[in-house]
Every structure is written in C-alpha cells, then in structure tokens.
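Each chain carries a letter (A, B, C, D and E) given by its place in the written order, and its residues are counted from 1.
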C-alpha cells in the first residue's frame, strides 16, 4: 500500500514546484503527474480490495493513534481518491489550451486536489478542520480567478459563510475534546462508550451538524453554493471541480461523523425531511434560473438533497445506492459544467433563451451533454437510474417512494427546459465557429460515455469495487422505467403551464442576504439542539 | 534588607501609577492627558522594575529585567510621541491656555 | 509573597481603569493612548508574575509584549490620522 | 468561568453576524467568534495551579499541551482568513461603494437581471 | 490566579463595545484591546506560547490589517450620519431588540444545558504527551514537541494555509480596475525621531526574533511567533524609510522555497532510524528556522500588499506584478 500522506503531500509539493517552471512545461508536467496519480490510486484500490479486512489505518511518523494523526483507507474512500485523480486528469486535459491557465492556476488546482484527497482519507477531527480551512481560502481564489466585478460579492459571501461554518465546527471539536480527551475518529467512538450520560454529546453533535449541513447545502443554508459555483469569473473547470467533487468530500465527511455518533444520537428523521425538501426546492429554483451555470448549480443542490435523503434512510441498500449516486453525480455534473463552459465561450452568452442549435453546431459536445442529462434524470440504462432505483427499492412505505419520484419529477422538468438548447436554429450565427480546441469536445464526450457505461454495468462495478451484491429484480425496475416516461411527458405539460405564468421570474428574485443566512444558521442550530434535547430528555 | 528596599520601591511605583491613572481621568483635554500620563507611567515602570531587580538580586533574571527596562525606556516615549503627532497632524485643536 | 499579590491586584484594577478610559475616550487618540498605557501595564503584570513564579522565560514574553505594543501603537497612530 | 465567557462571546459574535448590516462588522464578529472558540479550547485543558508545559515542571503539574499546540494553528488560521476577507472587502468597497449587506444584494440582483 | 476574572469581564465589555459602536475605526481599536486582554488571559492560564501568538498576531497585526483595509472609507462621516437618521432606524432597532431576546433565551438554555451535562472521561492524550514528550522528541517545550513532531501533518497544512492566504491577498489586491482610494499613506513623511530611534533598534529586534525562533523547542516561542517578530522589523522599517527596500517578487519565491523545504524536512520524520538518533532535536530546530523565515516572508508580503495596494513604490514598479 502506498502510504496515504504521500497521496496528500505529493500533489501539494508538486503544485508548489510548478510555480518555478514556465507555463508550457507546467501544463505538460501536470498531465503526466495526473496519470501517475491515477495508477497509484488504482494500485492502492486493488491492494485494499484483496486485503480481507478492506480497511488499513496508517499513522504519520509511526506515532500511536492517541497522540499522532492517522489516515484511514477503506473501500469507499479509496474509490473516491481514484475518482478525484481521474476527474482532475480530465480537467487538466480540458484546460490544456485555456487562456487563463498559468502556473498559479495549475498550482492551485494541484493543491486543492491534495486537500480533497486529504479530506477523503482523514481520520482526525482537527486535521479535517484545517484541511477545510485551507480548501475554503483556495476555493475563494479559484472562484474569483478571472477578476470581474460581480464575483467580488459572491466571493466574500462564500468566504464568510464557510468561515462561520468552520468556527461552529471548531467549537464542536473543542467540546468533544473537552469531554473525551481524544481527537481520532475511532478512539472518540470508544471514549464515548465510557460516558455515563449520552446527553453530554448533544451540544458537540449539534455544532458539528450545523457546520456540516451548511457545507452540504441542506435546505435553509444552501444559498451560498449556487452563487459560488456559477459565478461569472469562475472558469468552467473550477465550477466542475467544485460541484462535482468538493461538495462530495463534505458529504462523505458528514456521513462519517454521523456514523461516529450513530449508536448514541439519531438525527436521521430530521435529515430525511430536510433532504427531501432540498431536492424539491433545488429543482424548483433550478427551473426558474436563466443562466445555464446557475441552473446546473441549483440542480447540484437538489441532487445533494436526494443523496442526503438516501443516506439517512438507514438501510444498507439505500446506503450503497447513495454512494454509487455520489460517484455518478460527480461524473455527469462535471460533464454538464464543462459543456456549459464550452457553450458559453462559443455563444459568448450564458442566457439559456438565447442559446439554440447546439446539436448541429457541436455534435460531440451535444452527445456528451445528452448522455449526462439522461444520467442526471435517471433515464433507464443510465448510471443515475441504477443508483436512484436502489434508493427507491429500499424505501419501505410508499410515502417515501412518492417523495423520491416527486423530487425526480422536478429534476426531469428542469432538464427538459435545459435541453431546449440542442434543437432549433442558432439565432445570430456569426459566432458559431468551433474555434475551440477539439480535445475539449472529446473530453466532454468521453465523460458522457462514462455515465452510460456506469449505468449498463452498474451491478458488476459495485461487486468489483465494494465487494457487495446488490439485488435488481426486473419487475420493479420495469415499473421504474414506466414512471420515468410518465414523468417525462408530465414534465412537458407542467413546463408549458409554468412558463406562461410569471412565477418563475418571481422565484428568481428570491435571494438571501448574508444576515438572513446567519439567522438561518442560528435557527438551524437551535432547532436541532431543541429537537435532540427533547428527544433524549431524561424520562 | 533587599526585601525591604524592594518592597518600598514597588510601593512608590504603585503610587506613581495610580497618580498617572488619576491624571488621565482628571484632565479634560487630550494633550494634557497624554503629557501627564505617559511621563508618570514611564517613571512608575522604572521604579517597579527597579524594585523587582533589587528583590531578585544579581542573576540572569535581573539581566533580563534590565533588558526589558532599557527597551521600554527607548520605545515608550516614541509611541507616545507618535500618538501626539498623529493628533496634531489631524488638526486636533490645541487647548486654550486657561485649562 | 502576599505583597506581590496585592501589587498584581492593584495593577489589574489600573488596567481596567485604562480600559474604561479607552472605551469612554471621545477622540480616537484617547483610545490609542489607553491602548498604549494598557499594554505597558500588562508588561508590568507579566514582569511581576515572572518574579512570583521564578520562571525566566516569562520575561521573554514580556519583552515581546512591549515590542508589539510599540509596533501596534505606531501603526494605529499612523492610520487613525484624518486628512479632511 | 472562562467557559461561560467563551460561550457568551461566541453567541455575541453570532448575534452581531445576524443583526449588523455592515460587512466590516461581520468580519469583526467572525474574529470574535474564533477568539471565543480558542478561549474555550484552552480553558478546557487548564486546572487551577498547573504549570506551563515546559520541562522544568513535573509531569503531573503540567497543563494539557495539546489545546495550546492546536490553538496556535487556529490563530494563524484566524489571521490569514481575516486578511483574505479584508482584501476582498477593500475590493468590494472600491467596486460597489456601499458597506451594507442589503444594498449589496440589491445591486448584485440588478446586475443579474 | 483569581485576577483572571477581571480580565474576563473586561473582555466581555470590550466585545460588546466593539460590536455596538457605530464607527468601524473605533470598533477595530476595541478589538485590538480585546485580543490584548485575551493574550494576557492565556498567560494566566499557563499557556505562554499561545499568549505570545495571540499578542503578536491578534492585537498588533490584526488591528493593523483592519485599519489599513478600512482606511480609505471611514473618512466620509457625513454618509454615516445620514444613514442612521432615517425612519428605517426604528425598524432596525426593533429587529435588533427582537434578535437580542431570542439570542438571550437560546443562549441561556444552551449554557445551562452545557453546565448541566458536561463531564470528563479522562484525557489519554494529555496523560501520554506530558509524560513522554522529552524522551520521544527531545524538545523541552511540550507545545513545540506536539506541533513539530507528533502532529507535524497539521503544521504542514498550517504553513500551506499561510502561503495560500498570502497568495489570495496579493491576488485580490492587485485587482486593476475600480476607483482608486486616496493614496495618503505612502506620501506622508514620518516624524524624524521615530525614524532615527527605530533605526537604532533593528539589530536588537532581529537578534531577538532569531533567538525566539532558534530555541523555540526550549522556551515558549518557535517558528510562528519568531517569524512575526522578524516581520515587524519590515513594518517598522517602512515607517522609518519611505522606501520598500525589499522586492515582493523575490519574497514570494523565497516563501515558496521555504515551504518546499518544510515538506521535504518533515518527510525525513518518516524514516524510523532517523528519528531515534540524536537528529530529533536538530530536526526541531531546523523546522523552527524554516517556519520562522517562511512566516517572516509571508507576513512581510501581506503587509506590503495591504499598505502598498494603491502605490506601486518606484524601485519595484517593474517587477512587482505577479511573478
């Protein structure tokens, strides 16, 4: 096994080294480095796969876990590390000819890659906190990389909300350390058993949950995410990276911390409802946006809500379905953002009403985007449908199945509106020259293929990666296909009805200022605190 | 013996400092306030540290305290000077002579 | 030993009085004066603590406090000036 | 006692974030919240009469060194995040002219439409 | 020490004052005094390293950064007056009162819940650190032993954090367009006395900063605090001579190379035969020196970007664009 901290530190050191080379060598060196990283993560994954316990915990410099920092490799995190390496390879390939790409940009991308891998492998509370802080400041540079006027407001909004969330996180760690005296994930679990009264854990758990629920964009606290991911000055690779991968690391961390507190405190009912509401609200807001990148960012919010819903169903099938959905979502969301980047560069506008005729203009990009859209909406034989099927299959009562179909219906209508860009003829055709580099089209097409490939061989991939046998009975899968087509047709009519009324314009004006986000965070904190203290009140 | 002398010095330093702080509250005008308090405060600092040096006798501890005193004597007037200068530069009105 | 405790308490009260001056002070320069004298008082408090606990490294801390009180006061004084 | 004060200052900072409409006040409130958390972390590891963790004290008398080591990191985090926030603030003020969150949001919405 | 109660009360008063006062300039000075009290409080809670870091970074540098950032914008007092006389004022007051009541109740519930249920299950990490930090790492200061040897993985990211934070500040402040605020900082000649005597103090402060860096593992101090002391020499130097003297371009390159040195050195920590030899102590000193110089370059860049955001000083005009 290649030790974990090499995976974290080598990209960061390589990024800093890039600063001393000129930009031509930097671009070539980065792609070669990325290939090596993919091979190393593949090697680690196979080694771990054949280890019978599927888990390996390494400590830095050999100190025991109580005093040192440890990194944990298990099947899910090693697969995410490989996903990170692969996605970054495509992003670097996509950006090979970009005008804004110089050593500083490549250095920032390499460093944030090391940090994301660090968050996936982290096994220590304070280590996760400092990884997030560095990542927040890095992302605030990447968001405002092209330095135009509007993005200053989005940048400071993103930075301040995330810094406040991380202060909550640190307060949670402080409370935990004060009571349990240890910072390692597994050791905290053991120390918790010694606690005489589990109500002592309510306050730290509330602080941690508030911070993490802001990071994974749960209902009241998600308004920073679309503005940060789709700001005009962020290059499309950065938005693809943020929506595709960076949010996933906070989702993965949310899930691991929930596992630590699982036997003692339960918040799953709260997150079931909030996840479902986020999925609905995100799809509604995505429907009302005009800017294509904003549509994609709001659909990320709704997909995250769906994944939180799946994770908090507490069934094994739903868990593996949600994890598989995280991987699929990373692939097709970054494909969509990259294609949106190409489209907005060629058409020089981001307004969805003025973009038509993408199908004829750029066949490869159009094909890749259509594959990704079918993946997101969960069309049959595509990756999205398999993971959503598993989440639905594990939902016992029909209320939750109805809820999931409703959320999916919202996504379908949103992407029906989005796919209008393929048909029709281009209005002002003077800028339809495909001056952009051919490789970008191929990259988008290949990533679109992945979402198709992920759907067809879903069960085999799960067995290969997670050594897990997930049942797919054809009857209920066929029923799901029928429901998909029904909601597709329903989506057409609903879209026509909604667009006549002026609701969409009013929804678009809906916006939260920084004070109301802080107020929502405080309300979320007090709600979950009161909920927990009432639920575990001493009888 | 040195215990007693040290205690006396510290007592005197306390008196100086309380006068300095009293001076700050008594005078209405900024320039007078800064004139009184900074001078008295530096003197108080020197007597207090002298008391500590006397009580702790001749060793490295006293040498370090001596370094602190030298540094403080050098920089404290400078700091007060730059405050007064900044007030003067921003045309803060000088007090009429009857105050 | 009790004598140093008394001095410590008196210095703490003087520090609070200076804070009062800094909070009440009408002009910003009163506040900087409060800040400057307060950090001088704090250097004295550390010197006495170092003497009570007989730890010489506390004096390094005191010296750095006085250095940064000087730097802080000069910077704040420079940037509070008004040009109107 | 110190834990009580750190809770009070933490909620004070959060109150200022919710109520105060100026951007610079939000940054000041953020610094206050971070200082409150550092205060809580350190006061957790201290017991009355314990000595600093320098080797000339007996191991039983030493205070918990881990919070102090972590909080030096937290202070450096505080200063660099404040520096980045202030750099953005100076650009925000040069471009938008106002310092009020509500006005900024209105201007930003007009730009989108 | 019971005297800490006095400092805690002063801190709460200053926190409330710095939030409620209307002008940002005054709020910043209160923040400086607040963090000064915070630093002295840590000293009484026997955390000398921390009080040094808080005093150096919290009260002196943070206040200076705040003042520079709001420098150009607090001059228009008339604008502030008009805002606060409008009828909306009563609505805002009502909002503040409402939120005040909500915060008081929720805060009271949380605090009483905390003091009701807090309990301590023993501290294994504390037990192990305190007993074996001298034999394991050869350092006499447990705090330095932790953040340079036991948990060096965190310190790498902390150094990276400072590097990235300064990169971000330099990047945002070089934003070309936008109306330039009045440059009145660089052109003001400073007083002759401050220039002369601070000129006298440089060697002394430099020597002292280096002393703090080098024996960071023996007495409180170490890379971060020592680096900040060295950086204060640059700041005083700016007040003495109007010129910059140091080229930001070189400083940025220096900082990155120091960071690479830190990562390479901490990789040595992994070889077991390296660690139980007497290289351990030398490793600590070397790490402290590297971190110290890196922090010094970083904070110097931070200050130059902030102070010189408007004025590109003439001797570095050509090369001060991003390297």
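Keep this in mind: a residue touches a chain if its C-beta (ideal position, glycine included) is under 8 Å from a C-beta of that chain, and two chains touch if they have at least 3 such contacts.
All figures in this text were calculated on a predicted structure; none of them were measured in a lab.
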Required steps from chain D to chain E (each step between touching chains, minimum): 1
Selected pair, greater C-beta contact count between A-E and B-E: A-E
Per-chain Cα centre nearest the global Cα centre, belonging to chain: D
Averaged-CA centre spacing for the pair chain B and chain A, given as whole angstrom: 60
Chain centre separation (chain B, chain C; CA means) in Å: 11
Intercentroid distance (Cα basis), chain E paired with chain C, Å: 19
Approximate Å spacing (C-alpha centroids) for the pair chain A, chain D: 28
Where chain A touches two or more other chains, by residue: 126, 130, 133, 137, 140, 144, 175, 178, 183, 519, 522
Interface hub residues of chain B, defined as touching at least two other chains: 71, 75, 78, 82, 85
Overlap residues in chain E, where contacts from two or more other chains coincide: 48, 68, 99, 103, 106, 110, 114, 123, 125-126, 129, 151, 154, 158, 161, 164-165, 168, 172, 175, 194, 219-220
Sites on chain A touched by chain E in the complex: 3, 5, 9, 12-13, 16-17, 19-20, 60-64, 66-69, 104, 111, 118, 126-127, 130-131, 133-134, 137-138, 140-141, 144, 147, 175, 178-183, 187, 191, 194-197, 199-200, 202-203, 519, 522, 526, 529-530, 533
For the chain E and chain D complex, residues of the former touching the latter: 4-5, 8, 11-12, 15-16, 18-19, 24, 27-28, 31, 34-35, 38, 41-42, 45-50, 53-54, 57-58, 61-62, 65-66, 68-70, 72-73, 83, 92, 95-96, 99-100, 103, 106-107, 110-111, 114-115, 123, 125-126, 129-131, 133-134, 140-147, 151, 154-155, 158, 161-162, 164-166, 168-169, 172-173, 175, 178-181, 219-220, 224, 302, 305-306, 309
Footprint of chain C on chain B - complex, ascending: 7, 10, 14, 17-18, 20-21, 24-25, 30, 33-34, 37-38, 41, 45, 48-49, 52, 55-56, 60-61, 64-65, 67-68, 71-72, 75-76, 78-80, 82-87, 89-90, 92
Of all residues in chain E, those that touch chain C in their complex: 1, 3, 6-7, 9-10, 13-14, 17, 25-26, 29-30, 32-33, 36-37, 39-40, 43-44, 48, 51-52, 55-56, 59-60, 63-64, 67-68, 71, 75, 182, 184-185, 188, 190, 194, 205, 208, 212, 219-221, 225, 229, 232, 235-236, 239
Contact footprint of chain E on chain B as seen in their complex: 71, 74-75, 78, 81-82, 85
